[in-house]
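Handing you this structure, nothing more for now.
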Amino acid sequence: MTESLVLEARNLRLSFGGVKAADDASLAVKKGEKVAIIGPNGAGKTTFVNLCTGYLVPQSGAVMFEGRDITGVAPRRIARGGIGRSFQLPQLFLDNTVIENMLLALAAREGIWQAWTPLERHPKRDEMFDLLGVIGLAEVAQRPVRELPEGMRKLIDIAMALALKPRLIFMDEPTSGVSSKEKFAIMDTLIKALKYNETTAIFVEHDMDVVSRYADKVAVWSGGRISLEGTPEQVLNDPDVRKNVIGV
Amino acid sequence: MFLQTVLLATLDGLSYGAQVFLVAVGLSLIFGVLRIVNVAHGSFYAIGAYVAASFGLLLAASGLSPWLSYPAMALSAVLVGVLLGGLLEVTLLRRIYGKEQVLQLLVTFAVFMIFEDLQKAIWGVSPYFVNTPLSLLGTVNILGINYSLYQLVVVPAFAVVVLLTLRYVLRSTRIGRIVTAVTDDREAAAAMGVDAAKVYLLTFMIGASLAAFGGALASGSTSLVPGMGSGMIILSFAVAATAGLGRIEGAAVAALMIGLGRSIAVYTAPEFDVLVPYLIMFVVLLIKPQGLFSVPQTRKV
Amino acid sequence: MRPEVIMGAGAALALCVATIIAPWATVMLTIALAVGLTVLGIVILLRAGQISFGHGLYYAAGAYTVAFLVNARLSLDTLVLIPLGGFVAMVIAIAFGFFAVRYRDIFFAMINLAISMVAFSLLEKLYHLTGGGDGMNVARPTLGGVRLGRVAFETWMFYTTLAVAAVSAFLVARYLASPLGKALEAIKSNETRLEYLGVSGNSALHIAYAVSAALAGMSGAIIAIVTGHVAPEFAYWVRSGEFVFISILGGSGNVVGAFAGSIVFEVIRNYAAAFAASYWQTILGLSLIAIIMFAPDGLTQLRLRRKVRP
Amino acid sequence: MIRKSIGALCAAMLAASSSQAAEKPKELVIGITTFLSGPASVFGVPGKNAADMMIADLNAKGGILGVPVRSIVIDEGAGANQLMSEYRRVVLNEKAEVMFASVSSANCLALAPVAEDLEVPNILWDCSSPRIFEDNKYKFNVRTQAHTGAEMLAAALYLVKNKPNFKTVAGVNQDYAAGRDQWALFLTALKALKPDVQVVAELFPKFGAPDYSTEISRIQALKPDVIVNTSWGGDLDTFVQQAAARGAMTQGTYVFPLGESSLERLGNALPAGVVIGARGDHYFDHPKHKSDAAFQDFVKRYREKTGSYPIYPVFHMSQAMSAMQKAYEKAAVDNKVPWPSKEQLLAAFKNLSFHGLTSEVSIRDDSQGLEDQLIGTTVRNPAFNFATLDNIAIYPGKLVTTPIGQKSAEWLTKIKSDLANDPSIELFSAKQ
């Protein structure tokens, strides 16, 4: 039954200092799905991502990835196992150029443990230029990340996760910090990039236009659990969701 | 027999532990607020001791009451802390708060080197010893062994007074709460509109005064020699790290541990008394990387 | 790479010329180059934003290895002793690294300080084994199978050290430019991202730690051979502080800086000692402050680790 | 710089080719290693002050063979490596003809082979390790004073002679090589002289320890008859002050073989009845020489300059200076040259007799100096505001120095107890 599931979070619980950060949270994601996680501001949607990617370890419950139990496994092993992640605030090597960031991701995938060939002459470096091309950042490849605007950093952050060729990617608010004019363009690019590697995607999102347009499934995070899930139409028309999440 | 050894070791370790505590607590306080590991802290200890000794000699020469040597110790601690500590903070440290922690550490390392020469230039190289405080109070006999009241009671008592005062000030006064707030969460405190520059200066002067006070107390029972600060800084560093940087009560416990550890070693394995503080520090850091009394801090992504 | 190679070659040539013009400076320059090796090790750790305030331990490990081997009358050659010193230091670093690389920043500095002070105390304590505070004399070994007189030995030791320094500098430069070296920068810059790329920052740092200890060990071995004496103070915290001092002096931007800094340090120190014997500490202290305050360009590699916020 | 270096190079080549008849130099450069920083500067700085005064005196009288002397001082406190490179620089670059090394035994052990290597005459002016000449054969090194073996033997002889009835002994010694050597040799001698002696504690507090609470408690608990402490400088002062404050200074006989250097500083803290050594024949109120005009004059001028009475490094420096002057003069006369070559100078050191401020010292074939040892017991003297010595015994260097070819650690096991009553020992007491 679980074979077709890429990710399955089962009854995750975690509390620090009396605050229940996760309280019986469960979610199942099928291969190829694009799942949006929405929820009220400050509800701790990132906590769920952190639990699934090993940054936080649940006190009870289990996280299954492609049928294997990855509960309590270190983030770097989870990353090597095929789960990529981008962050709400991009986590980049600010002093380096865009391509250097990408090349480090490439080297991480291809084997970082070599100390002879300079990174900039990595035999597969063209692949990274291609990937930057797909997401439309080829022109800034040689610019230091520090000089780029937040929206571009966001994309680079995602591109680094994609460079690992993950089978599942978590994206934490991919369009935050991007002007509303650009967000659809960016999402289009990302969806294209996901298709490129047949990657399953889970993204935390607060923009309902983006959610309704790109998600196959929507899950509502509220009270430390997935309180409701369904198709975008079902969920976005739910009266509770309309009141507490969307705010109409 | 074992209990007696422990009791004697405790009595022996008290004075030493108390002095180390005074120096370490200043180091810890400064780190907590300024986030600087102040290598020059050992110099404040040494200079405090020399200034107190000079006062002591002055008192002896002027024929005033020898009991004045106690207030003179406090006075020299404050003088060193406020004048020299203040000068250092205002002229140098203030300019490096934005820099990498390690660079700050190196700047204080440089200051330490300069202070070493300064001490020699002012006080020369002959050992100073002013025994007025030590000989003034006499001895008490415990289990057939004479202890000097100065080492057994006065020095530890001062340490306890300092500890209690610090606790009171940090918890129950406005300035203390500000200092605590800065120690616990720098950004939040800055956001609350705390005048960081003032808090830093004040903390540094207090921390330096504490080190100088530790030195002043030491001047009553130990020789003042060139290089005395270098040994003390590394020891108080060990205490502060064992306790967890920024932890006041922790420093007291760690200083006692190190004081006791050393004297127990002299009783049981005299070969290894020198190793004790570093071994304690090493083992504690292995088990609790942030020190015994550190508050766990979770980083968010 | 290219400009660095030219710079390095030019500097090496200048040094050779210097020893011919001023033979008395040969030993001083040899020592400076040897110390530069330890500093090179510090520079590697600086790439990861980490400072060891206890590298004196590895420096002493290399030096004492040589002292023990020479005093055991095994008749080992200098060219064997130098790598052996590096090897022993590296083995210790690999073992201790299992603990040390879990720490970062000031705690990394401190755990290193603690272990080096334990080593320092032991070297002083184990009097019958290590000669205690007196240290040990190291009789002059053969060099390349030849037993040389003082002047010839000093000259050839200079060239040997220069060769070791040049090869090390080249290898380290390659290392720092390689994926593994770049992973070190990533530790400083953003370790969270590194972890999510599937790379263990601890392992990358562990390797760097071992390499840097091996360099310090070779450095200590050369010092032991050149000065003919080892002492516990090699492992004292002030010595470790000096290494960090020199790395700042040279700037950690490139590998040549480690040696440049080391030579400048040695010269300042010698002249300060010669012309102001009572004030050499002040002169060194002032120059350190001046560099940190007014020459931040040499310090570009040392920036605050990025703070991460949600 | 370059011209100077080329000049130096040529000079060096010239010097190498003409070892027979050396050119009389414009000045005689000597290098002196001594502590200017760190705790041992209590010895190093008085030694340097003494050297400065003596060189000024020497130059005022026309220098050595008409050549003025200039000294270059090297700080031993900078660490062995720095010291060695400075030492080389002074020899090779500054062209020092004679080196004086050093206060610390560790540094002597390190520098002796360097001097051989550099082929520069090296006067071991203050260090005490017997290992220097017992473990090595040196051509360029010469010691113008005694070594630890003689110093400890004299103290042990004095103790068994003056306090014959003790049974237990405890040692409190600084934890570094010299401290351990001193205690080991003292104990060896003591056991040979008094085989039934019982050692109740051997404590080695850290060098530079600020606190001896535990050690003093243990002494009070164990109540040994004799307590031996070879500490010096601040460490000895701290120990005595803390012990005195706890009434521990009067419960047994204390033996401080290096105590002479702390007498003045300790003031009232040091009670009467403590056995004090002086690392040789040194005492500002020396019973044999206090009426010598030169001695009186020097002590007076030294006090005027530094505010203190001279202590043993001052005397050691006077011996080294005198030995150097004597050796140059002897070599010039023996070889009938205006200025001796290096070889001629080294030859002159053999069996050289000279005296500094106090009694005559002679140098043996193995380059070790034979120096008398002065030991006394403290008394409270109204003329001084610190404890002075009385009941002084002076042990001839020949009597207490390990014979050539033997090792102190072995030789001391074989000494006989009647050595303490040898007629060559000179006794001085205020009562006589």
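In order of appearance the chains are A, B, C and D, and numbering begins at 1 in each one.
Heads up, the rule we're going with is that contacts are C-beta pairs under 8 Å (C-beta built on N, C-alpha and C of every residue); 3 or more make two chains touch, one makes a residue touch a chain.
Small disclaimer: the values here were computed from a predicted structure and weren't measured.
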Would you mind checking the shortest number of contact hops between chain B and chain D? 1
By C-alpha centroid distance to the whole-protein centroid, which chain wins? C
With chain centres set to the mean of the C-alpha atoms, which chain is at the far end from chain B? A
Can you check how far apart chain B and chain C are, centre to centre, with Cα atoms defining each centre and the answer in Å? 32
Find the geometric centre of each of chain A and chain C from their Cα atoms only, then give the gap between the two centres in Å, rounded to an integer. 43
In angstrom, rounded to a whole number, how far apart do the mean CA points of chain A and chain B lie? 50
Could you grab the centroid distance between chain C and chain D? Build each centroid from C-alpha atoms only and quote it in angstrom. 37
Multi-chain contacts only, two chains or more: what residues does chain A have there? 46, 87, 89, 91
Would you give the residues of chain D that are in contact with at least 2 other chains, written as numbers and ranges? 36-37, 175
Touching two or more other chains - residues of chain C: 124-125, 192, 278, 281, 303, 308-310
If you look only at chain C, which of its residues touch chain A in the complex? 1, 174-175, 177-183, 185-186, 189-190, 192-200, 204, 207, 303, 306, 308-310
In their complex, what parts of chain A are in touch with chain C? 46, 53, 74-77, 79-80, 84-85, 87-89, 91-96, 100, 103-105, 107-109, 111-120, 122, 160-161, 164
In their complex, what parts of chain C are in touch with chain D? 21-24, 27-28, 31, 124-125, 127, 131-135, 137, 139-140, 150, 223, 227-229, 231, 233, 239, 266, 269-270, 273-274, 277-278, 280-281
Once bound in the complex, which stretches of chain D touch chain C? 1-2, 5-6, 8-9, 36-37, 72-75, 78-82, 84-86, 88-89, 92-93, 105-106, 109-110, 113-114, 117-118, 129, 175-178, 180, 207
Give every residue of chain D touching chain B within the complex, in rising order. 35-39, 41-42, 44-45, 77, 175, 202-206, 208, 210-211, 213-215, 217-218, 220-221, 233-235, 237-238, 241-242, 244-248, 265-266, 269, 308
